[in-house]
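Here come two complexes built around chain A, the first alongside chain B, the second alongside chain C.
Coming up: the complex of A and B.
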């Protein structure tokens, strides 16, 4: 018995040693909400992270063949869990930069208390809250996904254009929900719409019928629901449909999960629409999509292209700076400057040769051009989707 | 607001929620009455029970209702195993140690659920259940089942405790474990029996929670606070107190939306807990023994 225990212990120690990157290898954090509200998005987004890491390593790695090591961590879509996980990634695994977290609240918490003080660049592929724009970040926080400031505005204009002038607004009480709801309401009211009732709700409650009854009193027949389709959003939507509180439902990209369709059934969701950021059609996107598909991923899943861009761009910056974390944020801006030679997703070997030769490059992201503004934000494109069968179907572009 | 929408959208959800809390609170109360420690793994044991229902109904094609008894037994056995593995050797130490260790058990149980079933949101049945109209009252079939089953379980438990030999043994041990032991009551058997009942009640509360919302790995943890609030409000150790406490907490939580903003709804559980501890720390029913 004792021998077995000793044997097991040494195995665990050995495994631990093997998992620690060799001195020269470069670690980056791959952080995301594998559990919690974004769990449904996690498998494909994580796959996309790893796909980018694999491409880098398959085509020569960093500098002289050192490997890029992805340190995966789960933030639970929860600020507390996220800060713990990222503290470990930054201080123990000593990463030079990280992709993720995904949930806006976690991005804000992690950036303020861990990555900004540590001087580590953070690129979120999914944190969309307008509040991230306002972070005092020493140019260390970037995103490959557009801010909800834009999404709120285009969603408001699209609804008005479709003839919806009176809505009730219900949102999850966190940075994502409040950010998107505020942006929506501001534009909707400014362009002549009426928000008949507005209420936040706490996540993870057993029932929301009372909240819905209060909202329905406003007299609107459309509910704009900003939430996660894997969490309270699902409960709210189901209880509302069951009790006929509203006729039409409009969600943000957090509601665009198949869990919603699977649980409620597509026949009950005829009047359910979601807005979601979409990648602008480009050659880069096609290259990424076919590569990701052959690697076993689903290129149409939410946020996979932004996830890929976050990791690939970070790797390019590491290659260019030699892993010096103080220079990475400046490098990120140079790498997307339109002046350089174009680099498509997956063209790591080509980029590596250009960087070695000291030539400027311009990474054409799968999710778009990634023209970072002064706050590290990118412009975006959005589309409206509705349920068709087991999946979401494109309805219209949103301007 | 007219009376019917008040009943439909505020009172009925409160009663359903309260019934679920009540089932959990009875379990908390039983553990405290017999073993004299708080049990933080309660919520996650409920999650485990809810997932066992899912497992048995999916693997055998039974309806979730039919799978509930099997899942209740499974959760009961799990509770006995947990007690045997983690709590038995702490029995003679100060109770706070067992209470804290139950927090560790909660995390382990949740991890087991996440390993086997993943972290995605699942449900017992797809599609939606529109409420039926009973003379102006909009009630869903599974809400009726929830309330009826909760009442049934409580009555059965009461009868068991008052009239059966083993029920009396449990009450004796709750009153004075040493004296009970001297009278020939095997304390270990009583403890095992208590865990069986607690596990089964957990499975039931998890199942009804899953039936009325969704099945996911954090579901039980999220109702832990209101469950404890219910048990303390009713008077820890008293079953009738747990029921009343559960209903009060559930109804207050839903009604609170009428007076405060809905994002603060979750606060009502805390407030009730605080008020109960401040004004009447012994709980409504002033009890320590079953």
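Coming up: the complex of A and C.
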């Protein structure tokens, strides 16, 4: 038994020594839920991480040609696996900053027990929980994806601006549905709207007619539906249209699926609108999309642009600080300088030259303008869509 | 490379091993000594974690709390809450044999998971509870980790010695008698359901203690942290591998499984990138394979149960495979 323990200890040390990047190179963590609940998103998001790392290294690397080393780690979308993975990334691979994790619960656990105490910057490209805003993080936790809180607020303001003042609110009973519905209701009521009826519903039930009948009794003719368009949201929408419970339907981004159009038919969906976060239509996004596509990635996959931006921003901050991890968080806020010269995704060599010359830069992110607020959050951009033929058509920007 | 920073990793490993050690001893009390198949470890772990979180965290909008009690009170509360949760479960199903308890305990753990997810006034739903105090949390990272390791090891040692003492006492011998031959024990006048309930509650309380330790380590609890895939099955594998019925054995099991679970990734990361990515999926498979091999080649575990007094172990020192699946013959189901 003693031999086994000794053997294991030496194995850990040996692996640890081998896993640490060579002195000159700079390591960053590329953390994400490769297994677990987000496994379906993982291939493209990981590709996007690696794509950013490759661009940096192809165009001169960090400082005097040191390589940026991406240390891939699996958080399993589970707090314990995530803490385990990030402890290794921070202490064994000794990274100066990290992109990820993705799941909000893991971000919270990892930030509290590893990265904040160890003073390492974390940028999540997918954790949308409002709890992340509230973290006491010594300015070490950032995200390139907007909090759920924002979407509810902009949706409320948009509906009021379009003259809808009375709605019924139906949402799926999980953190996404409830978070968005609460944020919506708070803003809608505060700005003078009325929520005539409100009900949470469980996922995957066969029928929601009784819930809908209850909601319709409130007297509103608009239903705000926060759900997923390929599961229960589809059932709710179909049954409501069949029975003519409401006249107008407004969904969150989860409802923006082609499954709704295929099943219900576009002619029945003339009064169906969805709000969705959009990467602000920009040259940056196009530059990223074509580059990522030629590197074998799918630019339309979920969270790929935010993943790319997380790594690219981290690299820029490292370049600016020379890899001093205590200064990275301050540097992250200097990367979107109104007076600075624009940097597109992929323009690493240009950014490197500007930083070396001591000039300010303004990074135009693939996912939008990434000006972090005091909590390390970004506001994000949203647009309202409606059904046209087999697809969704842009109606208006939402502010 | 900074070797001092590198040391943080084994320290972290040991902290987790001590938490899981506490869980394995708890399960050993139930399964190793009393033969109770509890497949709901994650449920009691969750009750402990959330109780301590609610008792010690500051006030938050939308859920009860704001008690801001000291951490030791939270830990005691966690154990008490588990006693309260375990009592009705045990009362209802301990009259049955192991398979029934297994089914009910899975159900209870699942019910607890759903309560945690949906009762927002209590647990804040899937957003979880944050700002939980951590003992020595104000120290710098490395010192704070070492201090926490000291605390968790101390708790584990206390648990180990108290449980060992309990199991060497007449109570422990009676539990084994009930496990190995219930009918005989009953004929000797032992109150079997009551004794089983005692073991079940003791084990559950210790699981709650482990949950409290975990929550004060990470300072945050969300429903994904109580995934039965990790908290229940990993603990079972640790107990079976180490040797059910032997507290030192199950601690060795916790050590080996957690080191394999965690450190194997460092080894696979040395492989080429795309293979290393695939290897992440293989971890669970590796642990499962190890379990198969152990069950096939050494069903009594690495350190088997020691029966009898120190002097008279001899042939009895190694129990038959029945210790792993106790007393199927005397089933009353």
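Assume the second predicted complex is superposed on the first by the 236 of 399 C-alpha atoms of A that agree within 3 Å, B and C clash if a C-alpha of one lies under 4 Å from a C-alpha of the other, contacts with A are read in each partner's own complex, and residues count from 1 in each chain.
To be clear about the criterion, a residue touches a chain if its C-beta (ideal position, glycine included) is under 8 Å from a C-beta of that chain, and two chains touch if they have at least 3 such contacts.
For clarity, every value in this text was computed on a predicted model and none was experimentally measured.
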Partner chain(s) touched by A:243 [first = chain B, second = chain C, both, neither]: first
First (chain B), second (chain C), both or neither touched by A:134: second
Chain A residues touched by each partner, larger count belonging to chain B or chain C: C
Contacts of A:318 with chain B and chain C, given as first, second, both or neither: neither
Chain B versus chain C as contact partner of A:173, first or second or both or neither: both
Partner chain in contact with A:68 - chain B first, chain C second, else both or neither: neither
Partner chain(s) touched by A:181 [first = chain B, second = chain C, both, neither]: neither
Touching partner for A:95 - first (chain B), second (chain C), both, neither: neither
Chain B versus chain C as contact partner of A:255, first or second or both or neither: neither
Chain B versus chain C as contact partner of A:268, first or second or both or neither: first
Chain B/chain C common contact set on chain A: 34-35, 173
Complex contact set, residues of chain B against chain A: 1, 5, 8-10, 13-14, 16-17, 20, 114, 118-121, 123, 126-131, 138, 140, 209, 212-214, 217-218, 222-223, 254-255, 257-258, 261-266
For the chain A and chain C complex, residues of the former touching the latter: 1, 4-5, 8-9, 11-12, 15-20, 23, 34-35, 37, 46, 50, 71-74, 77-81, 83-85, 87-88, 90-92, 94, 103-106, 108-109, 112-113, 117-119, 129-131, 134-136, 173-175, 178-179
Residues on chain A engaged by chain B in the complex (per definition of touch): 34-36, 39-40, 42, 173, 199-202, 204-207, 209-214, 217, 230-231, 234-235, 238, 241-244, 259, 262-265, 267-268
Chain C residues within the chain A interface of the complex: 1-2, 5-10, 12-13, 16, 117-118, 120, 125-128, 130-131, 134, 137, 140-141, 144, 214, 217-225, 227, 229-231, 252, 255-256, 259, 261-263, 265-267, 269-270, 273, 276-277, 280-281, 284, 302-303
